[in-house]
Each structure stands twice: as C-alpha cells, then as structure tokens.
Amino acid sequence: MTQEMSAKEFIARRIALELKDGDVVNMGIGLPTLVANYLPKDVYLTLHSENGFLGVGPVPDNVPPIGEPRIVNAGGNPCSILPHGSTFDISMSFALMRGGHLDACVLGGLQVAENGDLANWMVPGKNVPGMGGAMDLAVGAKQVIVAMEHTNNGEKKILKKCTLPLTVKSRVSVLVTEKALFRFYDGKMVLEEYAPGVSVDEIRAETEAAFTVSDNLKEMVISQVGM
Amino acid sequence: MKSKKLEIEQVASFLRDGMTIMYGGFMGNGTPPRLIKAILDSGVKDLTMIGDDTAFGEDLAARGPEGVGLLIRNKRVKKLVTGHIGLNKEAQRQMLAGEMEIELSPIGTLAERIRAGGSGLGGVLTPTGVGTSVADVKMDVTINGQKFDQKQTININGRDYLLELPLRADLAVLEAVVADKSGNLVYYGSMRNHNPLMALAADTVIVEAHQIFEVGYINPDHVMTPSILVDHIIYPI
Amino acid sequence: MTQEMSAKELIARRIALELQDGDAVNLGIGLPTLVANYLPLGVNLLLQSENGFLGIGPVPAEIIPVGQPRMVNAGGNPCTILPGGSTFDVSTSFALMRGGHLDACVLGGLQVAENGDLANWMVPGKNVPGMGGAMDLAVGAKKVIVAMEHTNNGEKKILKKCTLPLTAKGKVAVLVTEKALFRFYDGNMVLEEYAPGVSVDEIRAETEAAFTVSDNLKEMVISQVGL
C-alpha cells in the first residue's frame, strides 16, 4: 500500500477488479460508491439503485430544485438515468435484489464473521438508521462483496462471531480490506491475497476470525486507473 | 362519471386521530408535499405512518425534501413502520427517547407486505432477515388455530423464510407526475417507488398530481397505476 | 318472461340493472358477456380483462391477423382498449381481482349452494378446462353475481350442497336465473325477486336449496334497452 493512498481508496481499487464488463451491480453507500471511479477501461457496469431504477448516471448539469420532479439515487441525492436504463416500482426493484438478478453488490461493513455473517446496519443505542435495503441486497445478490477497513482504531472487526446485530447470515463471498482479501467457500474463510508490504502474521494479529491461507496466496493487485 | 377532483382543503374530512396512513416516496422523492402539509394543518395526531423512510431532517433541508419528517417533527406520529431513519435526527431522537414507536423493516419486506395487503394475499415468505433481529420481532399471529407471540420462521425445502404479514392502511397519500381525470397515473424516474403498491393497499387513495390531462391522453400501455385504484386527485396549483 | 326472449337474455337484462355507473367489473365468458349489451343509458362500466387490462372496447373494425401484435380479451378474441384504459401484467391484474378492487364480477355457474358456494369450472371426467381466473375472481370481487339458468334439462342446479368441484366457498352475493333472483346474507339465501309469471311454488319445486322468501319479494324488473 503506497504512502499517499487512503485505505478506502485502496479497497475500492481492489474491488474495481472484481467486477466484470456487463455486470449488474448495486453499490451501497459510502466506501462502496468509490469503486465506480476505478473501473478499468472497457468494464461497463449497469448500476442498480434500490429506489427503483437501473442505469445510475452522473449528477445532471441542471439539477431540478427540491419539489420539482427529479431523479435521485437511494441516498436521495440527484443523479440521472443512462440511456439503457429503466425505472420500476419498489417491489420490482427488490425482486431484482432478493431474486438473485444482480451479479454483485458492494456493501460496507461494521463486522464480518468467519462463517460469512455480516453486520453493517446498526450499533445498538448509538446509531440505528434502519436496515433500508441492506438485508434484501445481502440475501439475494449473486456475489456479496464487503468493503471494510481491517480494524477500527485497533479494535478487531473480522471476528469469530459478530457481536453487532446481523444484516445477513453467511452470505459474504468476498471481504476486501486495506490489508487482505478473503473469500468464503461454504462458510469457510480463506486468505487469498495480502496487500503489498503486509505479512500474513500481521493479518493474523489483526483478525480474530479463524481462516486458512490459500495455496495460491498472492500479493494484491489493484486498479491503476488515473494513477 | 363522478369527478375525482379534490380540493386540498377537503383532505381534512378524510382524516381522524389514530388512523393509519401510507405515504409514497423514497427519501421524500415521490412523497406528496401538499398532502403531507394538509395532514399537518388538519391537526390530526397519534397517526401510524407506513412508508419507506423519514427523508431528510430539517437540518438537511438543502439536500432534499423533509417528506413525512414534517409530521414527525410536529409530534403527530405515534408509530412508524419504515426501513430507514438515518438522515432524520429528530426521528432517531424520538425513537431512542421512546416518544415514537418505530418498527424497522427491510425495505423489500415492507414493499411485499404492502403488495400482499393490496392484492388479497395472506402473507409473504422472504429469506430477508433470517437469523437477524428482524426475525425476533414480537408479533401476534395465529396459525392453524395456534397463537404465537413472535414472528415465525418457516423452513421450506431446506431453506428458512420469515412469514411476514400483509399491511393495509386507512389512507394512502401518493404523488404522480401525470394523472388523467379518471385517475390513471404516470410517475417519473425514481418517483414511482412505493406509490403503485400503496395504491393497492389503502381503503382511500388520494394522489397529488403535477399535471392533469383529459381521459384518453395517456396511452394505456404507459399507465403505471390504473384509475380504479385512485379515489381522489389533488390537481396542480 | 316474454315468449320471444331467451332465458339467457332475461338473465343478462336483469344483471344489467345490478351494476352502477363507474363500476369496475369483470364479465366472465359466455352468458355474462351479454350483460354489456343491456346496460342502461348513463351506466358506463370499466370492464376488466383478466389477461391484463382495464377498459375493454368493442371488436375493432379491422381485425389484425393472428401472429401480429394485437389486443385480445381473456377468451383470446380480438377487442380494443378504450381511452382511459390501462394495461398491466397478470400479477397486477389478479391483484385487482383478488385484492377487492373490482366492484363486481359476473360469472356463469354450473351449481350454486344455499351457503353461497359456487361450482363453475369443471365436470369431472367430462370437461376439465382449468379454473383459469375464476377462483381468483370469485374470491376477491366485492360482489360476485352468478348468471345461471335455473335448471339443466330438469336437473336441479341450486342445491343444498354442490356436487361438482367448487370454484369458491360462500362467496356468491347474487344469483340470477330466468325464474328468480336470490341474494346471500351471511350464508343465508333469500329469494327477493321472481320473474313475471313465475310463482314461488314453482321456484321451490325447481330449487333444492333451502331459502327464505324476502318480506319485500317483488316481481323482477329487467333492462329495457333495445326492446
């Protein structure tokens, strides 16, 4: 990991290489939305917005004022719909999510457990925003990619068992941090990649979860877009 | 045919304390602002509101509409069934202080409960929320004569599902971009969201429209909510 | 009943007076579709077609050949869609039916029982066309009107209990035959109208079901459209 790159950017750059041209993907909010900035040339995704459309496009030049009909993303912020997009109601939108019609979703995480459990929607007594679409997304997307910093001020987040309320049980397929990439196979967590300059011992020290090390363990390669 | 036109001043006649109201919209986008204001102005209280989220709090007014937050801030809401309150500090405060009861639901589950309520189905089986606190909700339900006080998890062919019950409301307040005078509706972009589902699921459905056309101007294939679901239309100013 | 009027026409003419202006109605197939011919002036219905639209219009002047995109009703026969109509998928169409959004449906019948049970979809071993939309319609319409000839070659059809497989239990609201009109109140069958020239005794003789006679029993009045 280069000096000048933030952990978030590093994670987003790695995840950008997980996605394939033509994939239909839902990017959560926060860190995951950065991924779109680092997609390699020739990788075009169709982005899904849970509030009811496919083909999320950029913020328009002229944003209609609040109160006028306008298009917003799931965070309520103005955006546009690309020419190949489509709009639909929430039932259809969540049918796409829950019904396995999205190739991948990228979600932020608070904790991930060794069996693939994910907690990312609340901290009891502190922040209870509501699960919104996270549970439906995590239960149904073909591939659930979690983008999460490895620790939180030294506190471990990759655990034997999540202590925070779960978003979903055993659905994480890939976990990417600024130190490591893990994949989950039938509830077993495997370390497949380490970030440049990070040792397996260091990863073990900062990870409570039990994981095996892949026979094909390799150094992480990240998207070079814009570098 | 009887006119469906309703003046905004007449909305109060449909309101009473303690009633259940569904409101369209996602982050306030597709929530009818004049109808929400009319509910506030009527003075009704102890409302149970059912909708996607609590939109943008008053402090975030520059980012987006306040939506149902207007009623929450003015203490008219006794219970809220919703998926997200993250950008409305006052809703969070009222929940944590116990001033307002909040039932949090995954949005997909909320949508299908509404659709079930509106289409005569007895419930929905969803894998969403299995193994989470959503499965541990206290809920009175009688199945085959047996009473349960908790949401039921049902294993079907080896996979767990939560049994979620239908939702209905006394009133639904919706926003459409185009309506014809018979009540056929067209939405725009991201504004469709829960509106077509709620049109099915309330005893009375009132729509606030941005444009009104004569019957026949909307191509039947472009209608997103059929006229028979709409009881009353608030015309644009 | 006038000499020249068929039983079917009389039934359809009586049912035409049961419907109100603005009602959203599904007229089954066969006899029920005749009802539309006798609606009084000023009674405009929005007819639903279970295959996915509201606003059934007449057969078009020019029939589009089979194989080209064309509008057909639930029987597969060419029709049009009126201004103000709308189209939708079958899930929405049956949501309208089952969810109580239709003011009435008019169905043919093979047998009706005194508790409001209806059998109209199959005769075992003889005719098993499939229930199609009949069960959803009968279970959900606000008012289920059955149009049925009183007997079938002397065989009774209004019974204590249906002997044919049921379409719906206890859902019939009104039963109209060429001899009588019955309404059902909480599972109790009440004779409210007799056809001109038909005595209550004759109705009793041709009806196995137990029914009470309304205090307001009166002679049936039918639509005079086109007479």
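A, B and C label the chains in the order they appear, each numbered from 1.
Methods note: contacts are C-beta pairs under 8 Å (C-beta built on N, C-alpha and C of every residue); 3 or more make two chains touch, one makes a residue touch a chain.
Just so we're clear, the structure is a prediction, and the values are computed from it rather than from any experiment.
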item	value
Set of chains adjacent to chain A and to chain B	none
Remotest chain, chain A as reference, centres from CA atoms	C
Chain closest to the middle [Cα centroid of all protein chains]	B
Between chain A and chain B, centroid-to-centroid distance (C-alpha), Å	29
For chain A paired with chain C, centre-to-centre distance based on mean C-alpha positions, whole Å	55
Where chain B and chain C are represented by their mean Cα positions, the distance between them in whole Å	35
Shared-contact residues (touching 2 or more other chains) in chain B	115
Shared-contact residues (touching 2 or more other chains) in chain C	none
Residues of chain B defined as touching chain C within the complex	1-2, 115, 118-121, 180, 182, 184, 200, 215-216, 218, 220-221, 223, 225-229
In the complex with chain B, residue positions of chain C that touch it	21-22, 24, 44, 46, 53-55, 81, 83-88, 91-92, 94-96, 98-102, 139-140
In the complex, chain A residues that touch chain B	49-53, 66-67, 69-77, 81, 87-91, 93-95, 97-98, 117, 125, 127-136, 139-140, 165-169
Footprint of chain A on chain B - complex, ascending	26-29, 33, 52-53, 55-56, 61, 63-65, 82-87, 92, 95-96, 104-109, 111-112, 115, 126-134, 177, 187-197, 210, 224
